[in-house]
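Once you scroll down, you'll see the structures, which are given as structure tokens.
In the two complexes below, subunit A is the common chain; its partner is subunit B in one and subunit C in the other.
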Partner chain A sequence: MRICLNRVQILRDDWFLSADGRFCEGTHLVSGRIGSGKSTLALVMAGLFSPTSGTIEYEGSPSTMLSLQFPEYHVTGSTLIEECLSWGLDPSRILLNVELEDRPDSDPLSLSRGELKRLHLACVLEQQNDILLLDEPFSALDCDQKMRLCNQLSKRTSGITVIFTHEQEFLPPIDRYWEIREGNLMDLGRSPGDGNQILYYGQKQERPET
Partner chain B sequence: MIEITGLRHRTLTINHLTITPGRTFLIGPNGSGKTTLLRLISGIDEPESGTIIIDGNVPRMVETGWVNEYPDRNILFSQVYDEIAAAPRFAHLSCPDTETQVLDLSFRIGLKHILRRNVRDLSGGEKVLVAIAAAIISRPALLVLDEYDSHLDPESCHQIDTILRSGEMRYIIGCTQHMDIAATGDHVIALERGRVAYTGSPSEVFRHYENTAFYPNSWRITQ
Partner chain C sequence: MMNDIRIRTGAAFILSLAAFLNTTGAVAVMLWWLLFTRRFKSFNRSSIPIGSIVMVSAITLILQALYGTGISYGIRMSAILLVAIWLWSEQQPGEFLHLGVWLFGRRWGFELGVAADLAMLAFDDLLRDLSRIRIAWRIKSIQLTAGNLSKAAIVLVRRTIERATDTSELLAVRGYQRGGSFCPAFHTESGDFLGGIAAVAVGLFAIIPVSGFFILP
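Take a look at the complex of A and B:
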């Protein structure tokens, strides 16, 4: 399974993004300054935004899921139960899982942003998609929830996971690092000595057995 | 001094809490009541019971800048320039003075190149920077930042931090999930389940969080 970006270019007024690269199975981290084009690249890789030029190819006809940076953009239900049902999931199980079981009839938009992100990510991760594109998945999560997400992501044994983020403290094991610099997606390769460790507390921990 | 006494509001219970001038960071798990407390201190909500007094005034009498944790909920105008210029214009500043303030601040925050863009087309991080600029341009006595850093890169956080440390605003109260940022504050308040678990200097508060994910990363490395 691979995602191939073939000379992808996005031009907008005086702004541009150029991406040429192969995303193979494993976990990828894409970083870059504010406004560098991380979210735009996520949309392109999800097939939701057509680049100005270039093509994107998916080898192996994978299923794709994009988690947007702002969890509120995903909300379609007017209660937490409806929101879980809209993902085709069992509300009681999901809400128990994210510790919101005592608020099934609450409006999703009345949750704190961290709670909404936690609910959203639980629904996303239930889907078991081949390609998982996560735009700022750690934003608004508390430190325990960030750690929990790292553990969940590190248990994905197949498929392609791409994390677009500024996060530096909490990260799952990363197989390949990318950075958008001055409008160009750069392949930074495998960082020295890692790929099977969770970054946490500044110490390296071994990847849990799966 | 901000004095909170006998506060009961939704899930929040605070019998007594004082906040001194300077940079105060509120920490705690998602759903622990951080936003609820920030809304009360900023005067957006009024407490069901109890009082909050800021230098002898109720919150609604204090000029306050507010940044919402949902970046889109901050935006009033379509163009970045108009959004940042809102407070000086509402204060009837002249157009040239408004322009000087907007240009000066946008330069300091690194927004000068996007002043003519539509706010809706900005990236998540850029929206937050615009909201912060709009909140601080009039140098309010109280600046309240709800999770302002969750969409910012480290360089932008540093730029904002430089402005927050400049002493232009008497009280800065923000919540964050980046404990390294909280550890640089003058004062840290840790909330757990709607109550103040710990309050004091960063070292006084974080010593209770050793061996948890809430301990600042940088402190662990240097020890």
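Take a look at the complex of A and C:
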């Protein structure tokens, strides 16, 4: 399974993003400054935004899931039960997982941003999609929840996981690092220290046993 | 592209007035729009203008069918819409602050400029939120329809209030009370003057009867 970005270019007024690369099975980290185009690239890789030029090819017939940075965008249910059902999931299992089992009839929009993010990520991860694209998945989470998410992501043994984030402290084991720099997606290799790149991420962690 | 917001806003005011006054003025405004703007490239900023044009077209048809005055209304409103879309597409963040201070000084002008710039920013953010909501719902295979629009509307209002709270806190932390020290600066090119003078000519053309320009039999 692979995602191939073939000379993808996105032009918008005086802003541009150019991406050319192969995303193989494993966990990828895409970083870059605010406004560099991480979210746009996530949309393009999910097939939800057409680039100005170039193509995206998915080898195999993978199922794709994109988690947007702000979880409230995804909310369609009026209660937590309805919200879980809107993802086609068993509410009791999900709510127990995110420790919201005592508030099944609460409005999802009445939750704190952190609680809603937890619920949203639980729904997304439960889907078991082949391609999982996560736009700033660690935002609004506290340290415990970040660690928990890292553990959950580490347990994905197949498929492609791409994390678009600024997070530098809490990360799951990463197989390949990418950075958007001056409008270009750069492949930094298996660790950000490969080649002449500067090492600025935390030490690579061992993949925990599943 | 008209760089100077003073000339741009003044031109937009005169052109809107000319288009509103009569059909001749509206046609002249359309000619001005063809000559001095990026024409349909102005529509790139959002799909909202398309919606406005559809709405005006529908009202035009209804007025024409009921009272026979639809064509005049359609031409005038289309011209006003074109000017509005052009003005919106050329607007750059922070410009209203420059214009406000230049027009009304560092107290009221500053206040008005900041309010106008924040309003424009909020509108852009609102459009971005709506676009993201549509994408998020598409992921869940749910269409954004009139029936479930209330949920999206709640999210939009909530996000807008959150951003407004953040901005007000930031202004308070920086000690903002009223007015501010700000030196407005403008970048003017020769094309700006040409477009401005042409807009004034269009305004005069709309006010003064055609017989005032030409010797008619």
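Just so we're on the same page, the second predicted complex is superposed on the first by the 196 of 210 C-alpha atoms of A that agree within 3 Å, B and C clash if a C-alpha of one lies under 4 Å from a C-alpha of the other, contacts with A are read in each partner's own complex, and residues count from 1 in each chain.
Following the convention adopted for this analysis, a contact is a pair of C-beta atoms (placed from the backbone, for glycine too) under 8 Å apart; a residue touches a chain by one contact, two chains touch by 3 or more.
Fair warning: this is a prediction, and the values are worked out from it, not measured in the lab.
Applying the stated clash criterion after superposition on subunit A shows that subunit B and subunit C collide. Of the two partner chains placed by the overlay, only subunit C lies in contact with A:Trp87; subunit B stays clear of it. Of the two partner chains, subunit B is the only one touched by A:Asp142; subunit C is not.
When both complexes are overlaid on chain A, the residue A:Glu72 reaches subunit B and subunit C alike.
Contact with subunit C, but none with subunit B, is seen for A:Leu48 once the two complexes are overlaid on the shared chain.
For subunit A, the partner with contacts to more residues, out of subunit B and subunit C, is B. Touched by subunit B in one complex and by subunit C in the other are residues 70, 72 of subunit A. Across the interface of their complex, subunit B is touched by residues 31-35, 38-39, 69-70, 72, 111-115, 117-118, 136, 139-147, 166, 168-170, 200-203 of subunit A.
Residues 13, 43, 46, 48-49, 65-66, 68, 70, 72-76, 78, 86-87, 109 of subunit A touch subunit C in their complex. Per the touch definition, subunit C reaches subunit A in the complex via residues 44, 129, 132-133, 135-140, 142, 148, 151, 154-155, 158-159. Residue ranges on subunit B touching subunit A, taken from their complex, read 28-31, 34-35, 69-72, 114, 122-126, 129, 147, 150-156, 177-180, 212-215, 217-218, 220-221.
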